[in-house]
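What follows are several structures.
Same chain, two partners: chain A is paired with chain B first, then with chain C.
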Partner chain A sequence: MGGLSASLLIGVQALEANQGALNATSNNIANANTPGYTREVPQFTEATVSDVNGEVLGGGVELTGLQSVRDELLNMQIDQQTSAQSSVDTQSTSLQQAQTYFTTTGGDIASALSSFSSSLAELSANSSSTAEQQTVVSSGQDLAEAFNTAANGLTTVQSAADTQVTQTVAQINTLTAQIASLNGQLWQLQASGQDGGTVEDQRDQDVQQLSQLTGISITQSNTGETITTANGSPLVMGSQSFSLQTATGSNGTQQVIDSSGNNITSSIQGGQLGGAIEIRDQTIPSYLSQLNTLASQFSTAFNAAQAQGYTSSGAQGGNFFTVTSAANAASTISVSNSAQVAVSSDGSSGSNGNVANLSATLTNKLPSGQTAADAYASLVYQVGNDTSTASSNSTAIGDNLLSLTNQQSAISGVNIDEETTNLIKYQTAYEAAARIVSTVQALGTVTLDMGSTQSY
Partner chain B sequence: MNSTGVQDRNGKLVEYLELLRSLAQELERSMQAISQNSLSPLEDSVANQQVLATRLHELANDLSEPVEDRSVASSGGGDEGLMREIHGASKTLQALNQRYAALLKLSSHSVGLMVSLFSSFRGQIQEGTGPRLEHQTWSCQV
Partner chain C sequence: MRVNPNLVPDILAGLQQSQTTLNQALEQVSTGKSVNVPSDNPAAASEMVQNTIETANVDQYTQNVTGVLSQVQAADSALSSVVSSLNQAISLGTEGANGTESAANQQAIASQVQGILSSVVTQANTSYEGSYLFGGTASSQQPYTADSSSPTGYTYNGNTGQNSVAVGDSTNIQINLPGSQIFSNSTTNVLGSLSALVTALQGGNSTAIGTAVSGVTTALNYVSQQRIFYANADSQLNSQETYLQQETVNLSSQQTSLVGVNMAQAAINLSQAQTDNSAALAAAAKVLPDTLLNYLVAPS
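Right, the complex of A and B next:
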């Protein structure tokens, strides 16, 4: 019976271990539907083996702590995919807004070009008609306004992206401060041997939110996570956070400045911030550039054709379109005041020889190598294609993210059926054992009685 | 009771003593199984305990019958030594049994709570899938 004291000790330890396991499991189940919760697993180790009078005794079991079930690599992949999806979602939203200015519902540039061409054709048939000449002027104004509307619309989308840069930087600073604070708490908990699972969960959620805002790189160290931007600018180092700032750049847009004063705008990738910067600094400027080129080249070509002819009053044709800024041709193009169509090729009354030259500006290739209608169609295609690509990218990344999240759920998941089956088996075994306990207790009395019967 | 009767009684007392010791060992084995999360050894041990307890109960009833033959009392030296061993083993078994009862009581309570918890959350938890599900959370710890 050398195992009696050992058994008692083992029993007590088992009771304590059970209580710890119970607490951990209660917490797991209570948080089963809590977003970002990571289940905790009790960590058991065999207690120290003792040697009593040469007899080696097992030490039972000890609860050494709780461990959150985390897959850091998986978390990192989720953060990366979250960042990528957030970026394409931001771009997709902006592109959908931009796309509304390139519809074919009547007020767009393609329709205006078509109407302008029709009005010139009608003028050719009736060149002396003042009404037809006025129709050409009116159609020209519609065309100029269509350019203005598209350009201003794109500028509005660009401005919205610029505002989003400022707002997102503020959100990033709030989150990095929270993460740094949680890093400090976690470090203190771990240093004192306490479970930091809850704090770690909160930090992981904050980091995931941060990855929605911008692409980040994470490294682990003794003092907690170090988080940097893609170009290595620090955001969080242990319990210290480093704020980003915004400043108005030379082009009037908000630039992102890191804690060392470096302008890191062009190196920011991913997240809402990366998406907004890409839309603001690359995508929209590309569309505007093509639109400005089209407006500039078309107005130049038309004005050149005007110069070849004469108005009905015999004056040499003047500029029909006015562009106040070549760099912003689309937004500044307008029909010149008192513009008159240079119908005649020789200044004689009834001549319509120059109308053909004017019409040719719509059918001939511009310096860009395309006709005005084709150049615009290319731009429409590009906007549509970019919007569609962003949308499909978002779907693809979303699927990937869902798969990763499912994997994470599998790691953190609670297998209810399996756990319940084991529990019921234990219940059955304990009930049977409890009956034996009662029997043994009764046997003690009987044994004492046996002793008394011997003493007569 | 004649000499055959005395030998028979002593034989039963020896068997009773051995059974007490065996049962004590089984209780230890059960507690070890609980502490090590080993369900199968626990179930095996409980089954053995049932057999031992049944036999002990039969023997205890048998041995509790009044002894009318005075020769047994006069030759009771050997029985008295045996009885002391039996009383010692019985006390040890009772002490062990108390600890075992306490362990079972709390563990049963824990298991009961866990069953309630799982039952109450059943159907609301999105269970994970995939290869990592081999991770068990806790049940075998209780």
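Right, the complex of A and C next:
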């Protein structure tokens, strides 16, 4: 048979348990807007039942702990999508900048090709006019400058991506060090049988930030999380972190070196780092190489047409365009000093026979198999298409990510309405438990008063 | 299943989307273009490269046609004067061949024909905007100058070159015949025939004059044939001009369909986007502050 003191004990336990639950609820409400916070649910269990002389008595309630509600699989999916999105976002930003050089504004290659072509047509009708010849020279200069502007613009985008590589690697190292240290704390907590709670929230938050920087792969082991890059170079193993390094490569760009000294630049995928490397090493070089081919082949064809004719002064046509480096034709193309248009086909000043040859370099196919305008138009298509694909990919992944975060939020997020309800629930329970204590106190007084005339 | 308590990301995504649509609609209305950067429509942007180049070229070809047309017409009218001069020479020659004319009259006719010769030379030296029309490609020097050592009294300073003018992509129209082909050809020499007539008239031999007159007649027929070249060029240029006008219209309608904006549609899109955006904002304002706390009575 339990005594009054047993009831008192149950009341006190209930007070404590509900106070703990109230604390947890308050903490949930307080952290409703904390990024990465996982709601904590108080775990009540009925305390040990006592069996006194065959009579089973309840032992009250016990708050065994707080359980963070999280879904690891969902977190992993979110990390993956975050990497993918941050990679396309990085590419999209660079491409948005790059495509402005291919927009018809007046200073672009299409406009310059157009005025160069029409200046040649004009020259065909007024071949002996010095002014028209000068117009061809200055349109040629505009064309060369348009090539220079586009090539330099692309190079600027490329070097911005290169800078981003160095910065991102530094951020990755900071984060991996933090994650390793949190892993250590978490391991100690879990070893002592406690819920990871806040530490785990922080760790998950850091891992998500890390996945924004580069694509990662996570494996769980009994010593804690192991995080590697997509190609398997270790970043974090339990409480130990491995930092990446950058070194200037043979082509002058920053290469990413893992902790064992391997160059892993080309195998990095996803995240800002993957996006920046893709832009720097694949996308922009492909555009630049097309521009260079076009500039180099067009200038060669035009100079060859020049050589077939004679200038107004009767001299054989010299090189109109100068390209100092075929590999960087687009950025180095210029109109030769004192260039003269080889108008005449027979050396007489009135002949315009070579203008048709000069114009033909614009309408004939270059060695690439396309005319200059077509080659440029394909490049415009490619830049436009890449940019629009990057931005629609970003939208698509963004939608996917939003739906994943919504799922995560549905599981782990703090619902103010729910917490308010819990608050009322625990408040009522606390008040009732307090009533148990006061009731037992009253009963105790009555008991002490038994057989006594004196009232206490 | 627990419901996602956090509406903020969804609402923000919705707001961002409606803001993007609004910005796009606004950009289209304010620029009048549906393609402002290549990513708006890569295929259209790429076709516009060709369109831009072609439009500028067609403009220039049209100007070329207009310019060259006047030049061809000037050459044709010079040749037309030559034809009437030659006709005049033939009737004068026929008159001179008539045995009734006195020697003095024949001398007078001879000097008239001499005058015709120099007028034909003047026509052969016609220049248009500073360049000689019948000097081949040596258009900066006078094609015919007096030369006493030459049997005709004139020597040809030009060459046999011909110029073509671009009036379309890879369409070049030849616009001149060298004077050596029209006036001083080795088989039918216009100047030579006139000069022979002068000599015959001065000699006073009716038979010789008759032969010389028939020589001028042959020259007349020959010049008339050469005029066909200019007539052809003229008609080619005219039809090319019509084609270019059509092409200008085609290019500009292609441009409109590639990058243009249907203003009525764009205005409707803009107003639709505005409505959507306001609706999204209003919904956000209603939903966000609503919690159970709003309905709980504070404990007294």
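Worth a mention:
In the analysis below, the second predicted complex is superposed on the first by the 365 of 456 C-alpha atoms of A that agree within 3 Å, B and C clash if a C-alpha of one lies under 4 Å from a C-alpha of the other, contacts with A are read in each partner's own complex, and residues count from 1 in each chain.
Just so we're on the same page, a residue touches a chain if its C-beta (ideal position, glycine included) is under 8 Å from a C-beta of that chain, and two chains touch if they have at least 3 such contacts.
All of these numbers come straight from a predicted model, not from anything done at the bench.
Contact with chain B, but none with chain C, is seen for A:Val437 once the two complexes are overlaid on the shared chain.
By the touch criterion defined above, A:Gln407 reaches both chain B and chain C.
When the two complexes are overlaid on their common chain A, residue A:Thr447 makes contact with chain B while staying clear of chain C.
In the superposed model, A:Ser128 makes contact with chain C only, not with chain B. When both complexes are overlaid on chain A, the residue A:Leu73 reaches neither chain B nor chain C.
When both complexes are overlaid on chain A, the residue A:Asn385 reaches chain C alone and has no touch with chain B.
Of the two partner chains, chain B is the only one touched by A:Ala429; chain C is not.
Residues 406-407, 409-411, 413-416, 418, 420, 424 of chain A touch chain B in one complex and chain C in the other.
Interface residues of chain B facing chain A in the complex, by the touch rule stated above, are 20-21, 23-25, 27-28, 30-32, 34-37, 39, 42-43, 46, 49-50, 53, 56-57, 60-61, 63-64, 66-67, 73, 76, 79-80, 83, 86-87, 89-97, 99-104, 106-108, 110-115, 117-119, 121-122, 124-133, 135-142. By the touch criterion given at the top, residues 1-6, 9-10, 13, 36-43, 45-50, 52-53, 55-57, 59-61, 63-64, 67-68, 131-132, 135-140, 159, 161, 163-166, 169-170, 172, 291-293, 296 of chain C touch chain A in their complex.
The touching residues of chain A, counted against chain C in their complex, run 95-96, 99-100, 102-104, 110-111, 113-115, 117-118, 120-122, 124-128, 344-346, 348-353, 355-356, 359-360, 362-363, 373-374, 376-378, 380-385, 387-388, 391, 398-399, 402, 405-407, 409-411, 413-418, 420-421, 424. For chain A in complex with chain B, the residues that touch the partner chain are 1, 3-4, 7-8, 10-11, 13-15, 17-19, 21-22, 24-26, 28-29, 32-33, 39, 41-42, 44, 58, 60-61, 69, 406-407, 409-416, 418-420, 422-427, 429-437, 439-444, 446-451, 453-454, 456.
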